[in-house]
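Per-chain numbering from 1; labels A, B, C and D assigned in written order.
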Amino acid sequence: MVPLSWFLILGAALFCIGVYGVLSRRNAIGILMGVELILNAVNINLIAFWRYRTPDQLTGLVFAVFVMAIAAAEAAVGLALIIAIYRTRNTVIVEDVDLLKM
Amino acid sequence: MNLIGLLSPELILLATGLLVLILDMAFHGKEGRREWLPFVAIAGLIVFLIAASFLWGTHTSLLSDMMAVDSFALFFKVVAGLSTLLVILASWDYFQGKTPYEGEFYGLLVLAALAITLAAASTDLIMVYLSMEFLSIGSYILVGYLREDPKSNEGAIKYFLYGAVASGIMLYGMSLVYGVTGTTNLAQIAQVFAAGKLTDDMLWLMLPALIMLLAGFGFKIALVPFHQWSPDAYEGAPTPVTAFLSVGPKAAGFAILMRVFLAAFPAFQLDWAAVLAAISMITMTLGNVVALKQTNIKRMLAYSSIAHAGYILIGFASVALDSPSLFNGVNGVLLYLLGYLFSNVGVFVAVIAFENATGSNQIPDYAGLIKRSPWLAGTLFVLLLSLTGIPATAGFLGKFFVFAAAINVQFYVLALVGIVNAAIAAFYYLNVARYMFFVPSQEESHIAIAPALAVALGVATFATLLIGLYPQPFIEFANQSVRLLGVF
Amino acid sequence: MTELYDWVRLIPLFPFLAFAIILLFTQRNQKLSTYLAWVGIGLSWLLGWTIVFRAIGDAHVLEEGFRAPIFSIPTGRGLLQLGFQVDALTTAMLFMVPFVCLMIFIYSKGYMHGDPRYSRFFAYISLFATGMLGLIVSDNLLLLYIFWEVMGLCSYLLIGFWYEKPSAMKAGLKAFITTRIGDVIMFLGMLLLYSTTGTLSFHEIFSEETLHFLKETTVWLPLVGTVSVAPVIAVLLFGGAVGKSAQFPLHVWLPDAMEGPTPVSALIHAATMVSAGVYLVARMFPIFALLPETASMSVVAFIGGFTALFAATIALAQDDIKRVLAYSTISQLGYMIAALGVGAYVAATFHLITHAFFKALLFLGSGSVIHGAGTQDMMEMGGLRKKMPITFWTFAAGMLALAGVPPFAGFWSKDEILAHAFEEFMHKGVVSWPFFVWLVLSLGALLTAFYMARQVFLTFYGETRSHHVHAHESPKVMTYPLIALAVFAVFLGFVGVPEEFPVLGPLFGHNLFHHIVGHGYPATPLNWGVMGLSVLLALTGLFLGWLVYGRNPLKEGQPDPMTKLGPVYTLLRNKYYIDEFYSKFIVRPAVALATLLFRFDNSWVIDPFVNLVGKVGAWLSDLGRIFDLNIIDGIVNGVAAVTAWFGKILRLTQTGKAQNYLLVAILTVLLLLGLYLYLPM
Amino acid sequence: MDFPILTLITFVPLLGSLIVLCMPKEKERLIKQFSIAVSFIPLILSILLWVNLEKGGGIQFEELVAWIPAIHVNYHVGADGLSVPLIFLTALLTTLSLFYSSFTIKNRVKEFFFLFLLLEMGMFGVFVSLDFVLFYVFWEIGLVPMYFLIGVWGGPRREYAAIKFFIYTLVGSVAMLLAIIGIYLNTGTFDIIQAAAMRPFVENFTLGALAFWAIFLAFAIKVPMFPFHTWLPDAHVEAPTAGSVILAGILLKLGCYGFFRILLPMFPEQFHRFAPIIAVLAVISIVYGAMVSMAQWDLKKLIAYSSVSHMGYVMLGLAAAAFAIGSKDMLTSQAIAMNGAVFQMFNHGIITGALFFLVGVIYERAHTRDLTAFGGLASKVPYYYGIMLVAGLASLGLPGLAGFWGEFFVFRGTFAIAPVYAAVGAIGIVFTAAYILWKVIQHVFLGPFNEKWANLTDMETYEKITLWPLVIFMVLFGLYPPLIVDTINAAMTRLLSGL
């Protein structure tokens, strides 16, 4: 069957794409998506590790489930904040949001 | 003690938080402010503290080793309770006319406190993650609480984005840890390493894992270079929230940092201690020197709190739990946090009082404060002295212990950088004092302090001096709390 | 019965009390102040002479000395004992000092009459008397030094007594600082002595074993190397004497000291300050003479001899009646020092005493002249003989004494010095210091006689050379002291007549003076040749003086014949330009250096340091900001470039600010990662 | 110890200051009178202290109460022949300063007297503390009131001077903090006496050297010694009269006291080894300070710099004593040097205190301190002239006045141990005479009268009352030194024999 490392590589790749997205997206929503990618990379890792190392304990699965749940909550809050910004500034382009600096 | 008993503090907080939210909702749209809402929250917090005090001395774990009930957790329960209490007092009439949703604020604050207590108690990576996210999400909302205020929003969004990514990275690290050890329970992780049956390539994975964890914790504590969200968030957030952020999440971050690293990764102490020492030097230096130039007191305090994170980290970087001396590092961190809690929140309370009266956060506007309100100036000065680390104040005790810890493990350089920073810090704290006392102001109008603020200020100042002058009980408390479950 | 000697403690106390009371309470009441001062010094005088006359008959005291301790200061486990004493030398001084002081005190009443700070004057001179009396009765070097300094202070106060006059003010300061320089050297000598022997008490220092110990001990000096300690101590102490006794090169303060009221000049030049220097050398003589072959004696002999001649020459060309006397004082002190330099201990002391009397007389006389004539410039005087007879006759007596005409006091003492020097020379048989001293001093005798003659003729003979001089005799309160002193100036010499001297020798108790102070020192044998020569020189000097100034006295407007000497005259008149030299090469550079240092301190120590703190702080803070903004942006842009590189696939983007932060975080993670991977574990 | 006299001395001022804090600030008369009254209590007690002190009895009047048992920190106070005179000096100068200020301080009276009493407590605390932490606490507490005294009631550049003073001292003291911890970790006690007895650093010289220099820095800045003196001119010049008096009179002594109480007993080996360096710095301080003050035209600055010079004597004596550690036959010279140093500390307190008061007196009237602006005042203000003359002469070490003995003993002790240093240092004596007599006396009082000051008034009664005690002490100790040397000598001999 497929070796563990393939999954890990997939996870790593996904993680990097997520990070890149986070860094490169101008749109706050886009960044949020990048974050989601990162979390999914994590999930892949967790599941893979669970399956290959401790299939008899559910730790990995449970962890993954929690991550998804939290991801959802996080996204909700994030979107709320983005909307608030949009209300006051009419933009979701993060680099325009720079009132606060030294 | 049964499960309910052991969990009672958390449950009480949960109940209080929900109760406040519900009450707020129930009475929504009614005329006038609901001044009594904070009372509910305060009452709840007091009950919480009392309940917590019953757990003194109990050392056990529950929820299948997800959570610990130990002195360490207890200590942070107290920290969380006290800081939240003070912040609620501070925000009493801050929101007047600023937002219609005042009630929720208190609810959220209480729940954030709950998050802190959970974070400090969690002994499993999953639990760590959950509690941290709980705290983070709460914090995001609090920072962005003034929806109409663009600055508030901006602070929130930056905080959020940074936090989301940071937790993502941390999480990736956790997944690796899990992968290597096959467990998420801190104690078991430690056992795995102790057993030493791991292959090298497995161990190799631990390094990125640890670093990623560090990134996550560093974000919470606002360690350089994971600090950059904090000035913006601090400045943007409503001042009471800033006060809370500068203490609560920091404390939680340290709690988790210490518990995870001490409980799960003692095997790697040499590695992470070195990294933490380096980070702590950078952190305090950068925080202090950047603070020098700030003219907005909130921003100045933001950087000063970064610097303080650096000092605190000295203690943990030079942790030596098995050393015969009293200065094992951890108790230094705890004492520092305790003193810092009162001093820093106190300073913020004073800032809020000033802001309420003048609407300004600019340091030059503090000119002639001694004339306008001697007590405000006096107490603020004492608190600033404490932050500077002058003896007879709480701040000195903390510095004393962390420096002692550094010397104890012969981290002389670390201690040296520490004291140099302490001297630099005096510049900007004294600068505020200079305006308050030396510079005459054209504005002579008296500044009235609302009773709630007065109480908060009084408590903070008193506690600062008490800890400074009679530290014995607090030291014992800290020494007790050093006992983490699973660690000796 | 030693009780009497115990009273010696009181001798300095009386004038001190007078000083304190006057200064604190009776400033308003001039009469009362005067009488207080008189009573103070008077009591000291009575007590002093009582002790003297008892001591003269008391061989034990004269040889062993009697000590009256005051208090002791703990020094670690030991004690530093301070006290007073009576011994031979003290007795001799005690005979002179209080009496001369008393005379001057009385005289002052007339002289200072009507001065706005009349009372304070008497307070100061009382303190001055305290200083001198204390000095001569001290039984240890430290106490001596203390009183020594007290006198320095008084000289400062009194010379600058009319401080409204800038010249007086400056003179006071000059006197203090100049003597202070000498004092510091002496201070070091004292320290060396103390730390070598562990004691400062005279009778302990001069005890056999200590002297022996000093003989043995050596000290390492930078530049010089290891030398025997005694001469070092001696020379250092001598530094103090040079300052106080106005010997070359520290003599410059004394002529300027003429700015003070004349009684002060009398005090300083006759009874007290300057004699203190000689007294010190005489007191410490055993140390000087411990190793005669070493530098100690020769230095003393040279300085003394040189000064004696050098000052005498300057005196030739001065017009100020007091300045002439001032330089004669310096010269005479040179005699004493030189005498000590050739070991003529007794002779030096003898000259010290006699000189004190007649010099006091001369100064008070000149004061009386000034008081009468209203000027100090001899060129304006003349013909005062008739108008001020008493002053004239007394002054003349003093003059003859100073010139060394027999049988006046000065003759005997001076002759003893010369004789001793010559004796030494004969004894050695080689041309060395004694010869030099004898030669120089004999020459000096000639000059002395000449300039004194010049002074007298210019002042008292001929006609007054200035229309606004309307002289009158001074009041009795001033003239009586003159007479009293004149008596001593004439007869005092007889106490020191050499034993062999026909008639007079036996008549006056076989050199009484030598019996008092000279035990342990061989009496100088009478030497007719030397004596004859010195008399001859003195008379020649007087004759020349008469030739130039007496035969046909100077008329108004006539130039001083001295001017015929041309450049030499100018040189002498300007005192060899030594003052100018000092101010140019010592004072100004010192002040300049101080200013320089201050500049340094102000702009190179303080400012940079603070500005460093400030600037560095600001700079770092900027750096921090740069770090937080620009550098990060920079990195970002760099990364942006990198992304642009494989942005062929993805759309080229530039990052937003919030993302900068994230970028830093992630870069850090990667950095740490890299570190760990490449650092050996 | 039946009667907690030291505790009373230390904390009565604190109590007083708190009471002052509670008084309404309109009641200025009351505040002033009350503060002065309060300051008399420690004064009387300190006299009792001196009277009851058993000479050579070592540490006495001890009080030992556990303060922070968790880290073995005790409230441990005590006094001996070294500290008692300084305690008395502190009490005396504070009382006089308060009295003087009650006439001269016009604005923000309440704060002034509150802070001043606080300051007094801090100073007492340092002199009585026998526990490092306690010592450090008081050491730092003294900083804050002085910071305000300079910053609020000071001259034109007061803010700069205040912050400079604070930062300099802070830098020093934080360094000391590390050393204190180091000592604790080596000895397991914060007790100064015990720790010293344990000789923490005999086996580890290098570590000891580190700690030594750390503490040295703290004290040297306070003294101040040559390269660290630069905060002093500003602080003195800007501070109000009373502030300068206390600053010069007491705060500088804190540093010297530290050298005697902590550095010498704790690090004999290191002190011995580094004595040459310290001696050189001391000599530089003496000569350099004297020359620089000779270059001043601002009266106050001149006296400020003279302090650098005079404290140099103290350090010289100390360094000399350290020089001879180990050579037993030097004990006498060592003791003499140390006696001289301590005596000099005391003298400098009264003399320079008096001088600063006198500067204040003239400044109150003329509103200038420029020496060139005066001239010939002697006949106009004879009383002032007289006092100034005495103080000045005492300062230049005229025998018969207190100043002489300090210098004499220092030089005597030093000369026997390190002659060259003493010889070079002696140059300072001449310059001191020069700047006192030439700059101060001559430019202000002598010469033709400057008509500008035609209506200058002589000293007021309150000014006389302020200055007489100091003058009396100058003369008293000048004429009969055993009065104080007995006390000091006993303590010093004990201290030295302990090394």
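Heads up, the rule we're going with is that a contact is a pair of C-beta atoms (placed from the backbone, for glycine too) under 8 Å apart; a residue touches a chain by one contact, two chains touch by 3 or more.
Since the model is a prediction, treat every value here as computed from it, not as a measurement.
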| item | value |
| --- | --- |
| Shared chain contacts [subunit A and subunit B, defined touch] | C |
| Least hop count linking subunit A to subunit D through chains in contact | 2 |
| Which of A-C and B-D has more C-beta contact pairs | B-D |
| Farthest chain (mean CA position) relative to subunit B | C |
| Rounded Å distance, subunit B centre to subunit D centre (Cα mean) | 43 |
| Distance between chain centroids, defined by C-alpha means - subunit A, subunit C (Å) | 95 |
| Subunit B-subunit C separation of Cα centroids, rounded to whole Å | 76 |
| Between subunit C and subunit D, centroid-to-centroid distance (C-alpha), Å | 34 |
| Subunit B, residues touching no fewer than two other chains | 157-158, 161, 165, 169, 290, 293, 427 |
| In subunit A, residues with contacts to at least two other chains | 19, 22, 31, 94, 97-98, 101-102 |
| Residues within subunit C bordering two or more other chains | 613, 625, 628, 658-659, 662, 666 |
| Pairs of chains found to touch, sorted by chain label | A-B, A-C, B-C, B-D, C-D |
| Subunit C residues within the subunit A interface of the complex | 625, 628-629, 639, 643, 650, 653-659, 662-663, 666 |
| Touching residues on subunit B, where the partner in the complex is subunit C | 157-158, 161-162, 165-166, 169, 207-208, 211-212, 214-215, 219, 225-226, 228-229, 271, 275, 285-286, 289-293, 424, 427 |
| In the complex with subunit B, residue positions of subunit A that touch it | 8, 11, 15, 18-19, 22, 28, 31-32, 34-35, 38-39, 41-42, 45-46, 48-49, 53-54, 57, 59-60, 62-63, 66-67, 70, 73-74, 77-78, 80-82, 84-85, 87-89, 94, 97-102 |
| Subunit D - residues contacting subunit B, complex | 67-71, 111, 133, 136-137, 139-141, 143-144, 147-148, 151-152, 158-159, 162-163, 166-167, 170-171, 174-175, 177-178, 181-182, 184-185, 210 |
| Footprint of subunit D on subunit B - complex, ascending | 325-327, 370, 385, 389-392, 396, 399-400, 403-404, 407-408, 412, 415-416, 419, 422-423, 426-427, 430, 434, 437-439, 471-472, 475-476, 479 |
